[in-house]
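Read from first to last, the chains carry the letters A, B, C, D and E; within each, the first residue is number 1.
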């Protein structure tokens, strides 16, 4: 038997039992769709391969995609909105970094010190996830939905949208409840 | 099997087992009526839709409503009183925020730094919950009681008071014990 | 099934299972007599009704009464001694507080910042419990012992010594082991 | 059923189930011999009666005795060495303290602030345990071994070496593995 | 029954049940190969005997070896790279230390204060593990693989590569998934 500890959408500490290690990601998807999270966002944010960005299953970390009224792609996690930013590759004498996609928000006064990152000037921000380099992991992909094409016959767990084509924002599914509150916009930076 | 971790009204760490995910909110209501809480108040307070404010079931977070000797509506949570404040909508060039209702108290010397919010001047406060925007979630409503009308025949868990009409303060039920201590008044601000 | 997490008298983390919510206080009494505690002392101390002070069952929070060589009433909790102080009612224009009884000790260099309270001058202290206002809760009373009167025939859990008469210090029972060390006296303040 | 949480010698978080409260100290001895600890060292160190010092069973707290190359008596706990010091009784107008034995080490840069104690000058130290006053508790005694005398016939759990005679350092038993690393010497102070 | 708490490669808190204490290291190896860790890296890093360095099984702490594009030997732990450094023996009047091997990285702005160590100048670093002195523990050795020699017939748990010969970097096994992201290089120091 295994057990996973969640923080529910209401902030309660709830543990869920399950039978086999192989069920873990499905359990995380199922409860993550409700906004439940397990563990803390690591300092500097979750780190995933860049090739997982296009169809990343945000329910794995209790988050979900959202397009704000201005048409920007955001991700909501524990009631806060993170904005998508593309980072160019860096190739200087001091540092070599491949290009990346980062989801971050402006820091709030109540954020703990060790999560705040300094950007240019005085602005501080907090990163939810960064997608950079690495090798695609199919297990992180969102299950394909009927909307992605009539020919999809794979089981949800095995289905894999083509990574090259950026899928349209996934329509809200009946299983994915509306957010509990208007997500707070982060300040632009 | 699932398990929820509580801090009891006496501050003890107690875990309660339950069988199905659907039972979670009922479990939280049942023990919340005793003043038990699960998890921490999030930095900035719990966030709920504005349309849930009128009949919000405070037992879900281990709190309860209370009218103080001056006739003000308060909420008691872990022995501390929070005052209800209505926040007007903000519509400036810098910020757009819909109107909200906030339950907050003056900060105490022993409050941790990351929960203190700065208001005008030198006053600091701590927020228990903010109700703003969003879409009403029936599952957060207090079960209707016989006092709300003779026609109520639903089971407590399913019953839903009309959201439009602000219900009279719920009379103390036999299941809801008196607070363990005189709630400390927060300083006005 | 329920589970309560304790810190034993030796500082070990031990969880005890039990069957029904109604057993909780008895479990806390049973292990509290050994000096086991569950959860942390809340910032500012535990808060109880004043009418519970006379016959409060200190084993509920893993503490016990003790009369020091100078004949002062003390309470020992996790190896530290707290002194009983009576606080007069405050009735000024700024603050109204009913009279109270407080158990506190001088702060030690190793106490965390959020537990230290400032008194007059430079002295800092830490509060274990404050008894003020509220309505007596019989469930917090120490079970009556033969020493409190020959007529007592109630079961320990239901028995209630008269709250008006301050009972003599309870004699050490065979189930209540001697403290593991000489309690350190707190500095007077 | 009861459960005790350990930090293993490798730093892993492992919980062990057991049946009866009476088994607790034996469980702590068994795993403590492997260097497993439960809970944190309290601020200011563990506190035990002075009469328990001579034959204290260090495995109860996951520590073990060790004589360094200079012939000094040390105690190793979580890879760090603590040196034995005898403290004279204090009998001034300001303070009265009976004589004590203390196991402490010099503070390391990575020790958390609340564990550091100031000594004379600028030196800071950290205490593992202090033995002072109190009444001897047989349950803390190391089980006697054949080496302590041919007449010992008690069961290990009940056996009690004479407290008056300081026993020779207990030879490493087959069940007590060698330390995982050369213990770091603390600076003298 | 025993239970071990892990932080998964995705940062989730998952507990795994097992039957016997003897299974512990195998459980840690099995899940450690997936990048799961249990407990925190101790302040100052894990401490192991020097003779365990050559064939240390990094999966025991959820880490794995990796040779960077420049041909340097690194260890990856929770997405961060640590570089291997050999420390000469110190034999001054003030300090005597045998030679050691250390795996460390430059400190990041988000590292907590108590993990940062000061080196010469202003550079701070964080240590994952130090191998120094002590007596080899076979239980920490990586199971031998067919690649280490045709004569190996021991069971994986018992097998022990010769400690004298530094084995070639272990080829990625099918059970050891690729890292989730390009490991961030630490700054040289």
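To be clear about the criterion, contacts are C-beta pairs under 8 Å (C-beta built on N, C-alpha and C of every residue); 3 or more make two chains touch, one makes a residue touch a chain.
All of these numbers come straight from a predicted model, not from anything done at the bench.
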Checklist entry - Quick one: which chains contact subunit B and subunit C both? => result none
Checklist outcome for this item: Chains in contact with subunit A and also with subunit E, listed by label, are none
Checklist entry - Which rotation angle, from 0 to 180°, best lines up the CA atoms of subunit C with subunit E, given as a multiple of 5? => result 145
Item to check | Length of the line joining the C-alpha centres of subunit B and subunit D, rounded to whole Å | outcome: 47
Next on the checklist: Using mean CA coordinates as chain centres, what's the gap between subunit D and subunit E in Å?
Outcome noted: 29
Item to check | Sequence positions of subunit E contacting 2 or more other chains | outcome: 3, 15
Checklist entry - Given the complex with subunit B, which residues does subunit A contribute to the contact? => result 3, 7-8, 10-17, 78-79, 108-112, 177-182
Checklist entry - Which subunit A residues qualify as touching subunit E in the complex? => result 1-5, 15, 21, 24, 28, 38-44, 46-49, 60-61, 98, 114-115, 117-118, 130, 132-135, 137
